[in-house]
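One structure is given here, and the rest of the page talks about it.
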Amino acid sequence: MIFASDNWAGAHPAIAQALADHAGGHAHAYGDSDLDHAVRRRFCEIFDKDVAVFFVSTGTAANALSLASVSRPGGVAFCHAEAHLVEDEAGATEYLTGGTRLACVGGPLGRIDPQALEAAIRRYPPEFLHAGRPVAVSVTQASEIGTVYAPDELDAIAAVAKEHGLAVHMDGARFTNALVSLDLSPAEMTWKRGVDLLSFGGTKNGCWCAEAVVLFDPAQAGEFAFLHKRAAQLLSKSRFVAAQFQAYFDDDLWLDNARHANAMAARLAECVKRSGSARLAWEPQANEVFAVMAGATAKQLTDAGVAFYDWNAPEGFQGIMAMDERICRFVTGFATTAEEIDRFSGLIA
Amino acid sequence: MIFASDNWAGAHPAIAQALADHAGGHAHAYGDSDLDHAVRRRFCEIFDKDVAVFFVSTGTAANALSLASVSRPGGVAFCHAEAHLVEDEAGATEYLTGGTRLACVGGPLGRIDPQALEAAIRRYPPEFLHAGRPVAVSVTQASEIGTVYAPDELDAIAAVAKEHGLAVHMDGARFTNALVSLDLSPAEMTWKRGVDLLSFGGTKNGCWCAEAVVLFDPAQAGEFAFLHKRAAQLLSKSRFVAAQFQAYFDDDLWLDNARHANAMAARLAECVKRSGSARLAWEPQANEVFAVMAGATAKQLTDAGVAFYDWNAPEGFQGIMAMDERICRFVTGFATTAEEIDRFSGLIA
Amino acid sequence: MIFASDNWAGAHPAIAQALADHAGGHAHAYGDSDLDHAVRRRFCEIFDKDVAVFFVSTGTAANALSLASVSRPGGVAFCHAEAHLVEDEAGATEYLTGGTRLACVGGPLGRIDPQALEAAIRRYPPEFLHAGRPVAVSVTQASEIGTVYAPDELDAIAAVAKEHGLAVHMDGARFTNALVSLDLSPAEMTWKRGVDLLSFGGTKNGCWCAEAVVLFDPAQAGEFAFLHKRAAQLLSKSRFVAAQFQAYFDDDLWLDNARHANAMAARLAECVKRSGSARLAWEPQANEVFAVMAGATAKQLTDAGVAFYDWNAPEGFQGIMAMDERICRFVTGFATTAEEIDRFSGLIA
Amino acid sequence: MIFASDNWAGAHPAIAQALADHAGGHAHAYGDSDLDHAVRRRFCEIFDKDVAVFFVSTGTAANALSLASVSRPGGVAFCHAEAHLVEDEAGATEYLTGGTRLACVGGPLGRIDPQALEAAIRRYPPEFLHAGRPVAVSVTQASEIGTVYAPDELDAIAAVAKEHGLAVHMDGARFTNALVSLDLSPAEMTWKRGVDLLSFGGTKNGCWCAEAVVLFDPAQAGEFAFLHKRAAQLLSKSRFVAAQFQAYFDDDLWLDNARHANAMAARLAECVKRSGSARLAWEPQANEVFAVMAGATAKQLTDAGVAFYDWNAPEGFQGIMAMDERICRFVTGFATTAEEIDRFSGLIA
C-alpha cells in the first residue's frame, strides 16, 4: 500500500518497452535525432499549435528554466505559497535565474486567488525601480494539494497577469491528472487560457524520466536553447526521453494512466469518507487525497505497511483540526491497484 | 560506419535489460531506494575507498557541480585550452558556479603541461586579491583528443595543484577508456594520484544516461547534496540511473565495453596508417582516432556514408598540415563493429 | 519643509570639511592607506571589540554582501515583510548571493515577531533537503517604519536564530537613530545581543557616501575581502570614505546628528498629535513619523511645499483607516530645523 | 616621488571645492536631482549625442555592468589577455553577469590584434550551441600598459565585432589620457568608431569617486536601470558624483589634468631614455611609463623613496630582458609635479 508519492512507482511496461525498443543502433545526439524531431512534432499535434519543446531531466529544471526564460534583472515571479517551486526545489529557481524572487500569493485550496495576485503585483508599481519588477506568475495544475484550477479560474489569473504584462507559466508535473479531471484538451487547458510556458511532466505518470518545457511561442526556442544547454540539461542521448514520450502519447497511455490514478484517488477518498477514524481535508480533484486523522490512527496505518506522508496544514486550515490530528497525504498513480485501496479501506474502516 | 561520437550509440543490451528489470514495483524516490544505496556502495568497492556518489543527468552537470563544490568567490579553475569544459558546455561551469573563471592552460596532445600550469597559477599570486584566486585544476582523462595522462603525469599536475592548495578534478566522461588503456585500477588513476573529485561517465560507454560525481572525501557529501538538488539534478526516480550503473559494473561490462571501443580505435588507426590518403594526427590511446587528410578525401568518406566530425587543429599543429588538409575525428564505442572498421578501411585504402 | 527622506540632505559641514582636508597628497589605494587603517581601528574602539570593517558605497551593498557572506547553496534568509531588503533593493540580495531566498516574517510595527520567526524557520526542517535551509535572519534597526527593537526583543530573535544555527544580521541604515533612542552602547545593541554582522550606515545621518559592513567575527575578513572586491565594492580611493567616518565619529558627531534628527521627529510627532487633521499611525522611536490623514489634507501639505511620501499600510493596519485616508511618512535628519517643523505645524494645526 | 598608481592621488582642488559647494541643502535622491539631470545633459553635449549615463562607484562596476547589459546566456566577451577585466577585478564580470566568459585575445603592446580577435570569435561558430556565443568585445583605452588604440585600430576591431554581431565596449578608466594623446573629440574616439558602451572614468584623473557607464544607445537606459540598482550601484546621494563630474568638465579640467599627466609621463620617459641604468620597455602614449631595469636599480629607487610597481612582462616580451631585469611601471597623474620627475631623474641618471 504505497501512497507516498507518484514518483515511487517505476516505469509503465509500455514505457519500459519503448526504451528497450530504441536501445540499439546509432542516432544523432543532443536532441537532433529523427525520433527527437518526431516527438516534438507530436507535441505540436497534441497541443494543436506550433510549439517548441525542450526535454529536461527533472520537473525542477523545467520550472526554473521556464521562469529563467521570461525573467529579467530585478524580476519577481508570483506563485502560490505552497507551490513546489517554493516548498520543494531548494531555491533552484532563484539560483538558475540569477536571483529572481518568488513572491508568494495566497488562495484557498492550493490555488492562487486572483485578487490576492493583483494585490501582490501592486506591491511592485511600474517605474518604482527600487522594488524590482513583476515578470511572471506560475500556477500549478494540478496543484500541490490535489486540486485543479477550473478554466475560468485560469482565465481570471491570466487576465490579471496580462494586464500587468506578466508571462503565465504552468507547473504541470501532474498536468495529465488535471487534464482528465477537467476533461479538457491540452490546448484548452494551456495556451487558450493564456498560458505561455508549461512544465510538462511525464515522470509521475508512468515514465522513468521524461519532463519537458513547452513554449507556446516557438520563436523563443533560439534563446531557450542556450538556457537549456548552459543549465546542463541538454542530454546527449536525448532520444531516450523522446522514446518515453512517444510511448506515453501512443494509444492515449498518458490519459489512461492519469484516469486510472484519479479513479484510484476517488476510490481512496470514498474509503476515507466512509471511515469512522478519518475524514477528507478537502475533496480531491486529481490523484492526491488528503485526510485528517488522529496521530494514533496514522501510526496504525504506518505500522500496517501503508506508506504516506504527513503534510503541513495549509494557511487557515489549522483551526479546523484537533490538537492531536494531522493531515496525511495519499498519492495514487498508474501502478496503484484497486486491491491496495481495498486493503487500505479495511485498515481505516 | 558511425564514428561521429560515442554518444550516438544507444544503450548496451545489458543496460537496457537492467532498466526493464527494475521497471516494476515501488521504491523510495530521490536517491533513497535500496538500489541507490547498493550502487553507491558498489562505487566504494570499485574505488577501494569510502566515497560519496551523486548521480546527475549529464557530464556537463557533473563537471560544473564538481567545480562548484570547490570554488569560492573570485575562484579560478585551470583546465586545458581544449577541454570539454571550455569548448562544449556553453558556459555551464561559469554559470552554475556563479562566475568561476576557467583559465586555459596549454600543453601538447590535449594534456596540461605542469610547468604551464605552474606559470598560470602564478598569475594569481596569493594575497593579490585583485586577480582572484586559484581554486582547482581539472584534467580530462581520457583527453578530448583521445590521449591519456600517464600516472606520473597526473602526479606532476597534482603536485603543482597541492603546492598551491588547489583541488584536483578529473573529467572522466571517457574514464573507462583511459582506465583500460593504462591498465590501472580506479583507485590508482584517481585518489592515489591526488584526484579529489571525479566526473564519472557511463553514457558514452554503453549506458543511456548515467553520470555521477564521485567525491573522494565523503565528508563533502552534506554540502554537495544542496548543490545537487538546487541545480535541478536530483532525479526523482534516481534508481533508474542506479540500475544502469549496477549493470555497468556487473561482470565487468564497463571494462569490456571500453576495451572493445579502444580495440576498435586501434584497428581504425591501423587502417589510417596503412592508407595512402590519410595519416594519423597523433597516436590514439583510447577510443578516438584523429586523422589528417585532404578535404576531398574527407568528402569521399562522407559521401560513402561515414559519419565523423572535423576537428579544430590543436595549438601548434596547424603548421604541420597542408592548406587543403583537415583533421577528422573518428570515435569508436561499445557498439562499433570490426566489420564497420573494415568497410572504412576499404574506403581509405 | 523636506521630510521626503534622510538621504535628500547633503553632507554635514564637518563631513564636507573632512573630505576637503584629505583631498591633497597621495596614499595607498584600495583600503590600504593609513587613514583607512586608523578608521577601522576606530570602529573596534566604538564597538568595544576586534571587528573587521569593509567600506561599501550603498546600504544595499552592505546588506547583500553581509548575507552573501553567511549564505550557502539553498540558503534562506528571514526578514520582516516590510524590510528594505525586500521592498527597496530590486532583488540585490537574491542576485548578489546567487539565489538566496528572502523569506518574509510578520510582526507588528515593523519588527519581526520571534514566534513567527520560529514558525517560518520550521517550514525548512533540517535534513529536508528539498526545502532549502535557513542561514540567517536580518533585523532592521531602526526599522523601516521608525520603530526600534528593545534589547530584549533583539535577544528573543537572536535566541531563535541561534537555536537553529542562523547568523544574525542587522540592517543599520539608521543604526545611530536607534542607538540614541535606546541609549545603548554600540556593543550593547549588536554583538552583545547576538548580532553577527552589521550594515552600518552613515549616509542618512550626515555623510555623503559612507556605509560599512562590520563583521563581529574578524576571522571572516579574509573571505569577505573576495566578496567585497568581486562585487565591485572595493573603492580605489577608499580613504575618502574613511575620512567621512573619521569626522563622523569625532566629537560624537554621529550621535549628535542622530539625537537631533530624533528630536525633530518627536517635535513633528507632537505637531501631528495636536493637529485636528492628522493623527499618528504609531509612536515614532527614531527619526521617522507616520501620520494618518485624509487625502485632501495630504494634498494641501504638498501644495504648501512639504515633501514627504505616501506609505503602504502595514499588514493589519488597513482596517484602522477610513477609505479616504492615507499613511504619510515624514523623515527628519541632521539638517532638519525646528523652524521647518514649526512651519509644518502651522500647516496641519 | 609617488608613481605607484594614479589612484594614489587625492582629489583635485576644484573637485574638492565642488563637493563642498554642494554639501548643503536638500535634493532628490537616487540620481533624480536637478544636478544629476544637468550633468547627464552635459555628457550628451560632450559626446555630441543623446546618451544615457549611469554613475557607479568603481570602474569594475562600470565594466561588469556594461558587459552584463549586452550579454546573454552562454555569452562570451573578448578582451585583451592583459585587460583590467581579466587581471584586476577578481572575477567581477563573470560574477555580475551570471557567468559570461572573458575570452582572452592577444596582440602586441596591450592592444587586441583584430586578426587574433577574428580567430578567437571563430572558435564559437554561430549555431554551434555547445561552445556558447560571442556577445561583446572590450577594448581598454588607454590600455593597461599605457598605449592607445589609434582610430583606425579601433575601426578594425569594431569591423570584426560588427561582422559577428558583437557589441563594442570601451574600458575608459584612463579615457581622457587617451583622448588628449590622440587629440580626438570624445565622439571621434567612441561611437564614431563603433563603440556601443563606455566605462568613463574620472577617479584616476582628479575625482575622488566618479565613474560612469555611458550608453550610446539611450534606448537601453530602461533595462540598464535595473542592472544598476540590482547591483547595489544606485547611490542615494548620487548628486555628489554629479557634482564631481560637473567640476571635472568645467573649464576643461578633465582635459587639462590628463594633458598634465601625459606630459609628466613624457618627461619621465625622457629621463629613462637618458638614463644609463634603465630603458623604456615601450614608448608611452598616455600617463604610464614602463621601464626595464636591473633588480638592483629598482631596489635603489625604492630605497630612495620612489613608489612604483613591478609589472608582469607581456607575452613575448620576456625574451628581451636579461635574467636579473624587471619591468617597472611608473604612473603619473594630475598631482605629479615636474619637480618629482626631476628628482627621479637624478636617481636614475
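Letters A, B, C and D mark the chains as written, and numbering starts fresh at 1 in each.
Here, contacts are C-beta pairs under 8 Å (C-beta built on N, C-alpha and C of every residue); 3 or more make two chains touch, one makes a residue touch a chain.
In this text, all values refer to a predicted model and were calculated from it rather than measured experimentally.
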Which of A-B and B-D has more C-beta contact pairs: A-B
Chain whose average C-alpha position is farthest from chain C's own: B
Distance from chain D to chain A - Cα centre to Cα centre, in angstrom: 50
Centre-of-Cα separation between chain D and chain B, whole angstrom: 41
Chain A-chain B separation of Cα centroids, rounded to whole Å: 34
Residues of chain B whose C-beta touches two or more other chains: 30, 73-74, 89-91, 95-96, 98-99, 129-130, 132, 226, 229-230, 234
Overall pattern in which the protein chains touch one another (line/ring/star/complete/other): complete
In the complex, chain B residues that touch chain D: 73-76, 87-91, 94-102, 123, 129-132, 312
Complex contacts: residues of chain A adjacent to chain B: 2, 4-5, 7-13, 15-17, 19-20, 22-30, 56-61, 64, 89-92, 95-96, 203-204, 208-209, 226, 229-237, 240, 307, 335
Interface residues, chain A side, partner chain D - complex: 30, 68, 72-74, 98-99, 129-130, 132-133, 223, 225-227, 229-230, 234
